[in-house]
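Heads up, there are several structures right after this.
After this come two complexes, each holding chain A, first together with chain B and then together with chain C.
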Partner chain A sequence: MIQPLHLLGFLGQASPASSSGCTIAPGGFRVDGFCTDPGSLHIPVAYRSIIPVLVLTIGALVMLALSAVLPKRARPGLWPALTALVGAFSLAGAVWQWYDLGTAGAAQPTIGGQIFYDRFSVLFLILISIAVIFGALSADSYLRREGLDGIEAYILMLMSAIGAMLMAQSGSLIMLFLGLEIMSIALYVMAAYHRRRTQSGEAGLKYFILGSFSSALFLYGVALIYGATGSVEFGLIGNFLTGNVIANNGVLLGGMALVIVGLGFKVAAVPFHYWTPDVYQGSPTPFTGYMAAVAKAAGFAGLFRVLTQALGTQQANWRPIIWLMAVLTLGIGSVMAIAQKDLKRMMAYSSISQAGYVLVGLQAASATGTSGALFYLFTYIFVIVGTFAVIGLLQGRGEARSDLGVIRGLGRRQPLLAGVMLVFLLAQAGVPFTSGFLAKFYVIQAAVQRGQYWLAVIAMLAAAIAAFFYLRIALLMYSSDPAEPGPLPVDVPPADAGVLTLGLEPIASLDLETTLVIDPPSRGPVPVPLAVGAVLAVSAAFTIAAGVSSFAIDFAKQATTLF
Partner chain B sequence: MNVPSAWYLILAAVLFGIGATGLLVRRNVLVMFMCIELMLNAVNLTFVTFARMLNDVGGQVDVFFVLVVAAAEVVVGLSIIVAMFRRRAAATADDIHGLKG
Partner chain C sequence: MDWAVYLVGAAMILTGALGVILLRNPVHCALMLVFTMFGIFLEFINQGADFLAAVQIIVYAGAVVILFLFVIMFLGVDRKEAIGAERLRFQRPLAILLGLVALVEILALSRVDHWVSGAPAQSGALKGAGSNVAKLGQSLYTGYLLPFEMTAALLVIAVVAAVVMSRRHQPSAGEMSPAAQKELRESHQSALSASDPSLAGRLEAPSE
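For the complex of A and B:
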């Protein structure tokens, strides 16, 4: 039965306190007490908990409406500027939430238990907002160079950010699934966005097939956990498992395993990483950086929420799984990266091995491990977005080349750009005085505190192996130019072009402009657009600042509200 | 006649298994796509059965969310497939091998 009094509160009239102590202030912005009386269909919405999501949603809709009014090719640079502005507002909202929450520790479930309002989620909201700003700024010049300028890319970016935020904030498995799908569906399209490059379409298709497969596995896991515990809300699952020893444990364990597999796909943990190198290589370069930052962060947020909040009592069962995944991810990511010839592909394996360190922090299942993992994820977005922005600048029109030779001699041609890239490479290698060193240090410290010395040793060995290929790129940058540029890998159109099947007729009015313009990078310095330069400068400055001072780790420690 | 709930769960598990196996074995992208739908619908059957067993309406509500998501996935997935295979002879996954290393 709908309770009209609560609706009155929403419409602006104060509603009296009901017997359960539930009060709703005028406007419905503040809801106190327990408002979900049995039988009530009204769910009070605490808008303060979803400000960044609201900002991004409204921003995306307003931009779509504007694009319908403005002429088609109006003002290049308008959409990225607006996207960055929306991201900045979202960031401001998230920072406000951070102070609004204060140091109140435990998570507050709001909106019918579907959303968690705590500093853990706010850290991810801040992280994702920054990724949107950086992604929009670094994508602009790339999309204009490739002749793909338009509003669609930026709307997709905002949509995927909304999904990622919902994942980070989710209070139930179904909310987590919805966020996962909102994010993933937008990312599939972003991967396939370069319609003139066959590799981009291939990346999109592979990402779509494997991503949907992993989503289905995740969802089956959700259904099994629901069957075993009778709820999909993290709090209720946790309460049930502390209060009951369940008889059909197999259903719960199967569900847990499937959920780990599904989210393991999203964070690209070995052995669920097969899509990563292809998708990272084929996707438009700035989108790869954005994807690596946002999808990984959101996937890990989901893993932390499920494993520590809902299945915290099952630690004995999931910690060995995560331990094994961490070891495999660290080892295979680092070793495979060495063998790669393509810069983007090498960075894909690098990002796989980086995920291994976050898994080390996750499997510690302690406050130290969680804050270490949060610090890792937060500092990683600056590094990875910056790395792919530099690669995007160097590739030349049509992503003409992304082999290792493209970066050769960069130190002589553009010392500043090479210096920034060097900072990112050293941070990923874990060299002291960069954020990467502290990030690796904290997660390994968490493993040692739990007495897992072998895992700590493996993680350090993997860092040493990975340092080899990071330093190899760095050495290439500062070595001399080759006398003759090697033969260019050219994106050959399929031989059977023109053969139409599946009943698909070419639609003339669509004007697909299917020819890819390939223009290899010149021998001289590449121009660095102002927006990309700003992103690179801020990222490099943050990477060093977080490595030499303690503000970022303090931030991550305060966000550790799960324990 | 009263069919035990466990039978529905087993049927759903079998359907899910068929979908997952088909996705991994079949090479036609459209068939792979159908296998994903089969997996999602197997999950729906599981949700409804558990909702019935637990006497809880929540599981049935979850099915609606899954249906909506599946519909959205169909739209995006088919668009990517069409864009990809517009100029190709057949929609088989083996043709897509440009990216490797």
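For the complex of A and C:
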């Protein structure tokens, strides 16, 4: 006889074990094995562990239903407001989870061992909720300017956030893969969302093809790890590897390498970064900021989960790989960014080099390194979403231009906007009294603690190289504006503009039957919509506050529950 | 008995596979593929993998091959494909060679079983009572409940994405075709450097 899923597990109340077969740990956190009693479909679902995911899912479905019953031209600003509201509820739920968990020790797998309910994942849930709020607020004016406003963009944003949250919480390789796909497929469509811009369609297609390829590699790695250890759950893999010494570990190592490749692609680590410049440049600008924040955070959450929880015993094998990836990412990201002429492309390489610092924190495989990396990821979303919001404002209709010239003289035209941008640039460069300085400091400190002096030196050198191009943008903002009437000339550089692109070949035959309005930005000050202004103000304030006080690093330290 | 079923299944698989590559008419090829699927179905039943057998028929024979047939019908059955003229002349011998290598690899790996050192519990018969279909179903609704539910998110994305990607745009005044975008881009490349020579000079310096 089939019994319905009972709701006794709601908010973590212990549920009675079924008549036979199932062993349910106290607290209802996990079911061991699966219930062998025929007809038993008991599983205690600790709903408290998935509150943000539930909020986002229900929010997205309610919005879809609303869009069907409301008149076709709904009030402008309704969907972004609802999205931000859903994001705020999800944020509130995540904050409640943070206090609900308290200073509980080790991670508890829950809902059949598929997800973890620990402070490590709650940090990411908070981060992703904030990114959704910021993404919705900064995308609104952009989408209206481009004539793209509609509910679809916001639904995709919410769905990709669900995927990212599942990745951060994942307790098994299956859940991690599913989260990865949910997040990525929504992001592919978001990259191609500006259908009338050929570059956007090209970005979506490139991201989709390469992303699917990397997902396939990841899945192959999952299969190999399962073959080598007999489980897909991180905890069980870890237990198996602790209790058994694998004499012939070729399959395990192959699986580990492929999983690192798949997740390395998502975080844009060198040498899996080739898609990044084209996709960041082609995607609608506010979506680029959202993508850079969420995909990177979720990808790193997955890497931390797999490498430290499942393969923690294999540190000797994966630390050198991450070391090399960190060095390459730092070096190539910083050097290539200098040669770029396009602002978005430069920020793409900049975000590659920022991923290198998180890798430095990851390879330390210590509590210090993890809390440093978490601090880095948490503070980075404010910086990167803010940076791309400013660029999106300046570009003009149809993303008419995004070369460096567009920012020239901004300090005279709009001192406040330039000041906010300056804060973001200084934070990315790692100047003291911004969050970027502390973030770089903590990960480098972790490397030094593990005796990785060369890595520390390389990271500091890369920071010095990167400071050059951040400060060049800053100087350009405050240099004199060539006095000249009329709008700025249009410059939509093709994907292969410049000499040192080293990206992917442009897709020549991508001939969409579409049209685009290109309207270059005027020389005068650009209007700053209220929503974007609020995002920028909060981001800049947080960037400075996290750089001068210790609340953010305390937050990150308390979230380091992996060690 | 097992052997008899195995031989019948193997014969069906081989006949079907040969039919797929040797028959001229694409519709016949697709039907031979269904025949192969039924052979594989027999082998799965023989191994006690009831669920896989059912999926084999429902998904492959029932859905995938029918899709093939639809595509063939849409493209026209009578179209002649020039299979003889290959652009890469070495690909046929290469395919035979790689196929042999793969076969040798599989045979070698099946002999050297200690290379994969997984948990031993993963091989052998299922524990406990009940068919494997029931066990898979239970596992799907207990241990894998959350992943199972969250695949719904993928379906929502698929619907929304299909709407986004397929919607026709009504061009309004002042919009540009891709060709015009490209032309504008090229004509302004020079204008940009001309209007702002200091910028152009400074920006191009590092790339040289």
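Throughout what follows, the second predicted complex is superposed on the first by the 489 of 563 C-alpha atoms of A that agree within 3 Å, B and C clash if a C-alpha of one lies under 4 Å from a C-alpha of the other, contacts with A are read in each partner's own complex, and residues count from 1 in each chain.
To be clear about the criterion, contacts are C-beta pairs under 8 Å (C-beta built on N, C-alpha and C of every residue); 3 or more make two chains touch, one makes a residue touch a chain.
Here the structure is a predicted model, which means the values were calculated and not measured.
J.: Which partner does A:Val45 contact after superposing on A: first (chain B), second (chain C), both, neither?
T.: After superposing on A, A:Val45 lies in contact with chain C but is clear of chain B.
J.: Tell me which of chain B and chain C touches more residues of chain A.
T.: C
J.: By the touch definition at the top of the document, which applies to A:Gly396: first (chain B), second (chain C), both, or neither?
T.: Once the two structures are laid over each other on A, A:Gly396 reaches no partner at all.
J.: Which partner does A:Gly262 contact after superposing on A: first (chain B), second (chain C), both, neither?
T.: In the superposition, A:Gly262 contacts neither chain B nor chain C.
J.: By the touch definition at the top of the document, which applies to A:Leu166: first (chain B), second (chain C), both, or neither?
T.: second
J.: On the A-aligned overlay, A:Ala203 touches which partner chain: chain B = first, chain C = second, or both, or neither?
T.: Touch status of A:Ala203: first partner only.
J.: Looking at the overlay, what does A:Gly405 touch: chain B (first), chain C (second), both, or neither?
T.: A:Gly405: touches chain C, not chain B.
J.: Looking at the overlay, does A:Ile185 come into contact with chain B only (first), chain C only (second), both, or neither?
T.: Both chain B and chain C are touched by A:Ile185.
J.: Applying the document's definition of touch, where does A:Leu64 land relative to chain B and chain C: first, second, both, or neither?
T.: Only chain C; A:Leu64 stays clear of chain B.
J.: So, does A:Arg195 touch the first partner chain B, the second partner chain C, both, or neither?
T.: It touches chain B and chain C both.
J.: From the superposed pair, tell me which chain A residues show up as contacts to chain B and also as contacts to chain C.
T.: 174, 178, 181, 185, 188-189, 192, 195, 198, 226-227, 230-231, 341, 493-494, 498-500, 514
J.: Write out the stretch or stretches of chain A touching chain B in their complex.
T.: Against chain B, the touching part of chain A is residues 174, 177-178, 181, 185, 188-189, 192, 195, 198-199, 201-206, 208-209, 212-213, 215-217, 219-220, 222-224, 226-227, 230-232, 277-278, 281-282, 340-342, 345, 493-494, 496-502, 504, 506, 514.
J.: Please output the residues of chain C touching chain A within their complex, sorted ascending.
T.: Going through chain C, the ones touching chain A are 114-122, 127-130, 134-135, 138-139, 141-147, 150-151, 153-154, 156-158, 160-161, 163-165, 169, 171-172, 174-178, 181-182, 184-185, 188-189, 191-192, 195-196, 198-199, 203-204, 206-208.
J.: Touching residues of chain A toward chain C in the complex: what are they?
T.: 5, 21-22, 31, 33-36, 38, 40-43, 45, 50, 57, 60-61, 64, 111-115, 147, 152, 155-156, 159, 162-163, 166, 172, 174-175, 178-179, 181-182, 185-186, 188-189, 192-193, 195-198, 226-231, 240, 244, 246-251, 338-339, 341, 398, 403-405, 408, 482, 484, 489-494, 498-500, 511-519
J.: Could you list, by residue number, the parts of chain B that touch chain A in their complex?
T.: Contacts found on chain B: 9, 16, 19-20, 23, 29, 32-33, 36, 39-40, 42-43, 46-47, 49-50, 53-54, 56, 58-59, 62, 65-66, 69, 72-73, 76-77, 79-91, 93, 95-96, 98-101.
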